[in-house]
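Lettered A, B and C in written order, each chain numbered from 1.
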Amino acid sequence: MTYETIIGLEVHCQLLTASKIFCGCRTRFGDPPNTNVCPICLGMPGSLPVLNRTAVDYAIRAALTLDCDIRPRSIFARKNYFYPDLPKGYQISMYDQPLAVGGHLDIEAGGARRRIGITRIHMEEDAGDLRSPEEAHAYYSALRNLLVDIGVTDGNMEEGSLRCDANVSLRPKGQAAFGTKAELKNLNSFRFVQKALEYEIRRQTQLLDAGQRVAQETRLYDSEEDKTYTMRSKEEAHDYRYFPEPDLLPLLVEKEWIEEVRKSLPAKLLSQRREEYITAYGLLAQVATTLTSSQPMADYFEATATAAGDHKAAANWISGEVLARMKEGGFDIVVLKSKLPPERLGGLIARVKDGTVSGSTGKEVLETILRTGQDPDEVIRSSGLAQVSDEGALEEAIEKVVAASPGQLAQYKAGKTTLLGYFVGQVLKATGGKANPALVNRLLKERLDR
Amino acid sequence: MAISTKDVRHIAGLANLEFGEAEIERFTRQLSAILDYVAQLERLKTDAIEPTSHVNAAAHALRDDALRPPATHEQALANAPETDRGYFKVPKVIG
Amino acid sequence: MTDPSRATIAELRDLVVSGRMSASEICKAHLGRTRAVDDRVKAYRSVLERQALAEADAVDRARRESRPLGPLAGVPIAVKDVLCTQGTPTTCGSRILENFVPYYDATCVARLREAGAVIIGKTNMDEFAMGSSTENSAFEVTRNPWDLTRVPGGSSGGSAAAVAAGMVPAALGTDTGGSIRQPAALCGVPGLKPTYGRVSRYGLVAFASSLDQAGPFGRTVADVARILQVIAGHDPLDSTSAPEPVPDYLGGLERGIAGLRIGVPKEYFPAGLDAEVHGSVRAALAAAERLGASIDEVSLPHTEYAIPTYYIIATAEASSNLARYDGVRYGLRAAGAPDIAQLFRKTRNAGFGAEVKRRIMLGTYVLSSGYYDAYYLKGQKVRTLIRRDFEDAFRRVDLLITPTTPSAAFRIGEKVDDPLAMYLSDIFTVTINLAGLPGMSIPCGLTRDGLPIGAQIIGPRFGEDVVLRAAAALEGAMQFRDRHPPLPR
């Protein structure tokens, strides 16, 4: 039988706040155990949580970006269960009155565009429905990029800043009711999300084809074996006994607060900027992606392009030579901006464009700027790297070369025009590599064909 | 009885408590009596009434995203029944 | 010379400031009184003799060095064992926290210390503040100083008994359903539960977070006002603590109650009310009228639903608040558990007493799948109705006066096997916690058997100043301060 797949994702994202959501301890990853702790996060008797305002700011940012409705009053709830690393015996979450509801995110998967609904956001995020593992992958990575873009998370999956659980169920095509769903945990990379879902769909299809039932359960994905295993069955499923957290008053988010956060959002999202680079400036998709890896990078590109007066050239320089230098030197966009302000890079690109220096000389100038912090024009002038574009001076050099090569001249005249390259090389050699090659080419041809 | 011994066993599981047969019987009897007494609330019609979860919902104090000095390692572990190289030590976790 | 075991806070501070008696001498006098009577009363869980003397010595040194002295300089204060005290055991009357030593002070304790108070000991209580007699302490039963065969009330029975027996001039208790006011009434001392949010709950080991408040017991109403002045006010560590400004409680105390409108809720004087309790509270109302207040009958129609509502909400919150006691990070750990699941269960089984388990079970049940709407949500809705009863009443009157308890102190053992009967002893106090209002009990007479009777004064939210004013006026009229429990001097 053919089945329809319904997938829901629950994405957990660690916010980029300095301190934890309910206490003043550091959020840093990788510190020794039990160092960034206090009575509150240890759940010591008598301690109380106090909500971090910036965490709410970030959640509002995410909600605005995903076009959710932000609720004026939301309520924290306790989710009660016992687990060894759950110090209080409950988790503070949101339940029936979350911060925001009803948003969406547009994705591209398998060549098609799809709008994925988002049910709700609290400090976690809960799912819309997806129809294929590929869509789930595309959604998850688009969501990650977006959340990193608006500065609410570093999106680092190795350190657990972003985690994802997935629900998946099958139903025979044409059936309205949903099938029994399984919940998949431990999906800590984009690839695992897709692979685990693919495995799970195969498993459920085989069960249903054999006339068996799919059990409602939580399954763990084993990436080594590319299989999912039962972790908890429905019979042992938790009764979380959610109730309003009495230690935290209802969270009131007034219009003014939302507007304040809206002002802090980037004017354009990276996905929008990327789109624009491709359509308006004709950049290759791959180059556009590189230039929109972060907001500061895209800002740098645009400032450089303005200074250079050429978007395409600026794009090629940054995605090529500049990026290579950054990798080599191990510095990021912030350092790049101080070492090589976009106006300076733009100026250099303009000098290459107007022929003051050749492309290869331009690369040398770039090196010098990065090393010395000098202005490009200064570098070109002081090191005498400017191309010789003076026609008189070049004609003089050409005459000398022609006079010194009578044999080659005769062969050329006899029809062996490929010897033009020989003459160009001789002229460049004579001028110490500073001659403008295009000009040399034109002048030589004129002289030889005379 | 408002509640059965089976219910009591289930609730004990959720609450992470365990009882012998005699205790289960006693709790069933006592909880039933309390629940029977509580049942008088059913007399009140409350469909249109908003629940009160907090009596002072108007005030809401948030904190700035600032660091406070954490506990020392010794303080964090001082009350632990058992520790091992800086960790709280627990017996094995199964299932 | 003033007998320090009967002196007020103002008198004690005066002795210290004037140098007529040192803080150390005052501390020693109270420690001496404790040694003389506490083996019979059993008010204390721990007497902090060494630390208290060191703290008193610090006050004396400050005086000698002419440094400023706080409003409670050299005043010994006892603290209920549910409030965290840095470096000293905080057991909550439970085996599960028998060896727990917090490295932080509750905010209200820290504020007492800053004001110069000497923390002299931790007082006995019903386990996790669950009880009305102090019989639920895992360690010992506190006795009523007026009759050692009777309970002091609870759950702050140790604090009330310590003050009544002259072991300390003032003490902190906590009140979730009457746990300050009921023992205050039964022990014949003034005791105040502030408005929810008036005093920080940070460091108060939670029983029911939406109901818990810490508050003072004292020898006099003015002493209660002095302590409240120090502990009240917003705390950044408790976001449910109110940002409201703190008025000058002491300054308004002498203003009297002429012109105040006092409401008498008829539901608090039911047909079966103990005749002596009824008589004493009526006498207090008559005194209020003589002092120029007007008395009006009012109705709080949902009063009869308060106890079931309270037991749903309080136990639900408690079931969650007590989930953290699992033998991993602090407290008792049961021996010999082969895996973590059994460790949790065995520890909780061994560490909690019967009443605590009963409430955890009830609270878990009312929150569990399929019962939430019928019990917990219903309870929250009735809580709204109860709150509105008071809002309506306070549109007509300035204060309410009721009996604090339906009867005077009952005998030890009398109600231990009947949880419901025990719960009903809170019938006049739980409503005030559900509504989040301030309430105070002041002694208003003795029964023929010589047991104290308490009158409860209830104010609107953040109306502690008016409550204290009325209490001070009635205290003057009732002449109760000359009465003392029949303990040897």
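We adopt the following convention: contacts are C-beta pairs under 8 Å (C-beta built on N, C-alpha and C of every residue); 3 or more make two chains touch, one makes a residue touch a chain.
Keep in mind that this is a model prediction, so the values were computed, not measured.
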item: Most centrally placed chain, judged by C-alpha centres; value: B
item: Pair of chains joined by the greatest number of C-beta pairs in contact; value: B-C
item: Whole-Å separation of chain centres (CA-atom averages), chain B against chain C; value: 23
item: Geometric centre distance via CA averages, chain B-chain A, whole Å; value: 43
item: Distance from the mean Cα position of chain C to that of chain A, given in whole angstrom; value: 58
item: Residue numbers of chain A (touch at least two other chains); value: 39, 42, 44, 50-51, 82, 84, 239, 241, 243, 246, 249
item: Shared interface positions of chain C, touching two or more other chains; value: 100, 102-103, 210, 236, 239-240, 319, 323, 326, 328-330, 340, 344, 364, 368
item: Residues of chain B engaged with two or more neighbouring chains; value: 14, 16, 53-54, 56, 59-63, 71, 79, 88, 90, 93, 95
item: Touch list for chain C against partner chain A, complex; value: 83-84, 90, 92, 97, 100, 102-104, 106, 201-206, 208-210, 236-240, 316-317, 319-320, 322-324, 326, 328-330, 340, 344, 364, 367-369, 372, 376
item: Footprint of chain B on chain A - complex, ascending; value: 17-19, 23-26, 32-39, 42, 44, 50-56, 75, 82, 84, 232, 239, 241, 243-244, 246, 249-252
item: Footprint of chain A on chain B - complex, ascending; value: 14, 16, 53-54, 56-57, 59-68, 70-71, 73, 76-77, 79, 86-88, 90, 93, 95
item: Chain C-facing residues of chain B, complex; value: 3, 7-8, 11-12, 14-19, 27, 30-31, 33-35, 37-38, 40-42, 44, 46, 49-56, 59-63, 71, 75, 78-82, 88, 90-95
item: Complex interface listing, chain A residues touching chain C; value: 39, 42-51, 78, 80, 82, 84, 87-90, 239, 241-243, 246-249
